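Shown next, in structure tokens, is the structure this report addresses.
By written order: A, B and C. Residues from 1 in each chain.
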Amino acid sequence: MKRRKVYFPSLLLLSAALMLFLLPILAVLFFSIVKMQDGKLLVSVEEYRIMLQDEWLMRHFANSGIISIGTMMVQLPLSLCLALFLSRGRGKARVIVIGLLILMLLMPFQTYMLPLFQLYKWLGLYDTHVGLILYGGLSSLGALLLTFFIRSIPEEQWEAASMETSSILRITWKVILPQIIPALVILLLLSFAEAWNLVEPAIILLDHDELRPVSVSLNDFHEVSWAGAALYAMPVIVLYIGMLLIVRGRKGDGWAIDIFD
Amino acid sequence: MRRRTITSVKLLLLAMIPILGFLLIYVVPLGLTFRYTFTATPEGQTWTDSIHEILQNRYFAAGFRNLLQFGCACLGAGFSLALGLSWLMVRHPHLARPAVLIMILPLLIPTFSVSHLVQELFHIDLLSRWEVCAGALLCLYCWKYTGTAASILYAAHIHLQREVLEAAKLDGCGEWRLFFRVRLPMIRGQVGLSLLFLLMDYFRIYKESYLLFGRYPPDELYLIQHYMANHYLKMDVFRVSVAAASMAVLCLLFFGVAALLLKEKRVKTK
Amino acid sequence: MEIRRLQWIVFSVYAMIFTFSLCHVHAEATRYWKSSEPFQYAVAEDGIWLNQNDTILWHQDSFFEPEEITRGEQITHIAASGNILYYVTENGSRQLLSSVYSNGTMDISGVLLQLPVHQLEAFEDGRLIALTEEGALYSVYDRDGSMMTLDIPGWENAHVTAFSVWNRAILAYKADSGELSLLSDDRQILFSSVTIPNLTWVQIGDYDENSGWVVALSDGKLLKIDLKNGNREEIAVSLPSDAAGLRRNKTAIFTLCHDFTQLHFIPVSAIDGHTNGKILTIVNSVGGHARRESAVKLFHRQYPDVEVVERRIDDPRIIATELMAGSEGIDLVGLQDSYMPVSAAFLLRSGAIADLNQVDALVAAREPYRDIFGMVTIGDKWYAVPETVTMHMWQVNPGLARQIGWEIPDGRWTQAEFRSLAEKVATYNRTAEKPIYLLQDDTFLLPWFLYDYQVNHVDFASMSADYMTDDYVEILNFWKELNDQGLICKAVNMINPTMRPNTLLAAGRYDLWELRNSVCILPPQQNPDAPFPVYGGVLALNAHSPNRAEAEFFLECYLSLEAVSHVDRVFEGQWLTDSSIYDEQDDWYSLDERTAALWDEMLIHSIPELFVYDIQRDQYDTLLPALLSGEIDASRFAAVSQRLADMAFGE
């Protein structure tokens, strides 16, 4: 009988580390409700109520939602197509493409802000949600992430599947996708979070206040309350938990990453 | 062979749309910015003089220097932390799953939500010592980005062949030796990948830095991104584009060198 | 086959996205104002009246917040005529008519209207026309509320569903028959042959005896209808489907959208089609409305086809992008250093704004002015046209001055003299029954001496700053000492600061009007020959503007005597050499000569009050409180300021 040794010190260390990871989020949520007033602890959701009743803030939240969900939906198929090419295709071009993808991840927005503004005006994408969605959806993060995951799937599987059918779509559907579902989930979450966090592009590429997302309007204030910070983070947390529940419900066979086993 | 060629052509066609879109929205604007390097020379100066002036600028140089120095600190701390965490997760597999889930969360939380907390915690204001500011930024970086690296390393660990590890153990390998001499070399690829992710995340540190310190951080934390952003506001397109071009050149050099080294290694191992 | 199908699907999706976004034209219906709550509006020539929550507001300049004029109870309709607003309040089943002037004086107060009114409009001269619930038009006598039916031979005064009045004509629409009629105010039919179905709101465009056109809302679309032949075309303006109401003044037509929370306007010239499409955009100008209007009139003499549009942009990053992009967006930009984190000096250096000394016509336009352009000059470059002027002036309590035996200086005085005054007050306080404050510091920003120091030690022309001098440390220590001795106070009400009765001096940044009841002195200076920093709104020229020639000409008009005669001397001081021009101004108040002389002294010897916003904010938020509380000492203050300045100037 194999007895698993439980190493207490390292267990404590790991638990402490995980608590530290969670602590800032919990702290923000905590301080948004609990305040110190005249030396006494006060629990109130008043600030939340004020914010939820602010029509313009809610409109901005809706805009953020539109942009983030749109980005998610655009990023998924496009990243998948690109990742398939980068991991399964052949040719020197792949190296150049990967290099460009990584380069653009490193370059701060200021490096291409001005010509992008001019380009968008010329294309008619200026001051539209579509423009921002395209900007977020074409970001290189997804492609690089999926490339890594697809690479870990053995080539033999691809070969075997391509014996049966020459349709790339079908191969992907049958062979690749089921194995990278965790990666897709991560991709969805990351692209949502990136789009949710978009500040400078949203400022530059949008003109009308009705279209602004909440990341911009919150940044306008010098002093944002804890409640504002918490409210801003909440949709991401909710989506995260939602994704978790959905994914844990399903059983995944032979996922390339066993984190959900 | 022919089927493979057809497949690769099909894959290329499939990828054309995202590639073209990406080129149009990201690469072309960057290229246009580089064009400004040549067309936006300030009045009354020759191009070479202007470039010379910028390259000699104390803050321009400091921007790169700090980027590299602070980068080493961040990558070093981040990688060590990630490695340690992944090892702990290997030791306690039943905690590994929730660990990954927890560690991914900071990546999703908008920095804006926690920046105020960090400022309070570290008492960051104009009068803080730069070491404290650097520490705060480092902690924020580790909190946000170590999770992905740790997950990658953990995944790598658990895919290792048990037999090799058992064999090494039977040979009398101690714990630490086992770790550094056997495990790490076996997950070389993923180590490189996690470092790459850490590096890419590190370049986005400007956003965190801006939220914590504003446009003018402590001298030691002044990065080239600050230079670019500040000159953008000063509407100095020339300086922004020169900085962008320099940064791109450096990145390309770095990756070029890395790629060459990897190629050599691959040739060697073959 | 699969992959090809997939490709086609993807291509078409992409194509659709692009096409959709290309067709998504954005409005030239500019937003004038928005509110979080619904409101009603009425349009006058030089401003907008608003009724929000039964409060009547007068909004003269879209840049500032509207001013509350009066309140009512259940205000249901409003109509504007010049500077009078007529409004109808409902009391049970009765409707009462009242009116108020824009300065708050009530005219009519609660006159009972004879018949229930559904819509009320007013001519420029104050005649009122009302549409009753039954669909008939009446003229309303405002003194007693009596209403007389509009009797127009040949036109049936019934079934009217929408109407408007403008320029001596009444436009009436009947929804059931679609009949659209233009009637003159002397009871004649001008045009009545057109029928258009489905209009909800109508407004008169322009007309003469032979032709005319009107504007109408129909299903969220804006139509231009020719009254002669009934042709209608849709105006390419994207308005939300809930756009309601069409009221106008001479230059623009207004409408309410988004559940009555946003007021948008479309320039009449755009609808009229006389513009060649060129637009001159002025951003964030704070100059007076009258001056701008006068300049636009002069401008249109040479460029009748160029539309002048005003925009307000809050975020400096957008301003930076648009200025650098060199496309249609910003031609002239208002710079006020307090909200632009980047000083005008940087913009001048980077070439974003133009050196106006290069434009001969503008240099020539300065001729009738006194030498006030120091406030918009850095080095040898002239970077903007002044719009408003505020300066650091000090107020004195003459009674207290007498009490302590201090002679109020009539001209410049020095920091050294100020120091001896401080000692004098300190000594006085030791034995006095009621101790007094030396100085009330009303500036929201930094104390005056930091600006004065900057005049001598920060050079924006060469981009260098020197805070590491003994002077600076000494001044800081002196300031701390004054605070520690309890000689410095702040105003009781920081929003509307007034001088406390127990303070000898009050330092603030004012315009001339705010000093009308005060005894003033100049702030003490470190260097008795130094200029004074002047803060104010200025209008600069985008060096990359695609409409450079037009923009330069506009500035010329803006500097012209006609335009600048609208700059109120009692607010900004005398800018022109020839004072007779000001005699035409409505001087309801005469300047105190002594104050005016001091103001002049500052005007003629002025430099721009420039600051790097981040440094200023940091000094105010962090360094000053830390200095005063003892957390840091003066040399640390200086060192930190120096580090920030080095970074801001040196990068």
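One rule holds in what follows: a contact is a pair of C-beta atoms (placed from the backbone, for glycine too) under 8 Å apart; a residue touches a chain by one contact, two chains touch by 3 or more.
Since this is a predicted model, take the numbers as computed values, not measurements.
Farthest from subunit B in terms of Cα centroid separation is C.
Of all chain pairs in this entry, the one linked by the most C-beta contacts is A-B. Subunit B and subunit C, compared by their mean Cα positions, are separated by 46 Å.
Remark: subunit A and subunit C have CA centroids separated by 42 Å (rounded to whole angstrom). With centres set at the average Cα position, the gap from subunit A to subunit B is 17 Å.
Residue numbers of subunit A whose C-beta contacts span two or more other chains: 81, 113-114, 118, 134, 166, 168. Residues of subunit C found to touch two or more other chains are 3, 6, 10, 317, 324.
Shown for subunit B are the residues that touch two or more other chains, namely 10, 14, 17, 21, 232, 237. Within the complex, the subunit C residues that touch subunit A are 1-3, 6, 10, 17-18, 20-26, 31, 34, 36, 258, 314-315, 317-318, 321, 324-325, 327.
Subunit A makes touch with subunit B in their complex at residues 6-7, 10-11, 13-15, 17-18, 20-22, 24-25, 27-28, 31, 78-79, 81-82, 84-86, 88-91, 93, 95, 97, 99-108, 110-116, 118-119, 134-135, 138-140, 143, 148, 162, 166, 168, 186, 189-190, 192-193, 196-197, 199, 215, 218-219, 224, 226, 229-230, 232-233, 236-237, 240, 244, 257-261. By the touch criterion stated above, subunit A contacts subunit C in their complex at residues 54-56, 77, 81, 113-114, 117-118, 121, 123-128, 130-131, 134, 166-170, 200, 203-204, 207-210, 220. Here subunit C touches subunit B in the complex through residues 3, 6-7, 10-11, 14, 316-317, 320, 323-324, 341-342, 346-347, 349-352, 614-615, 618, 621-623, 626, 631-632, 636, 640, 643-644, 647-648, 650-651, going by the rule given at the top.
Of all residues in subunit B, only 3-4, 6-8, 10-12, 14-15, 17-19, 21-30, 32-33, 36, 85, 88-89, 91-92, 95-114, 116-118, 143, 147, 151, 155, 158, 193, 196, 200, 203-204, 206-207, 225, 228-229, 232, 237, 240-241, 243-244, 247-248, 251-252, 255, 259 touch subunit A in the complex they form.
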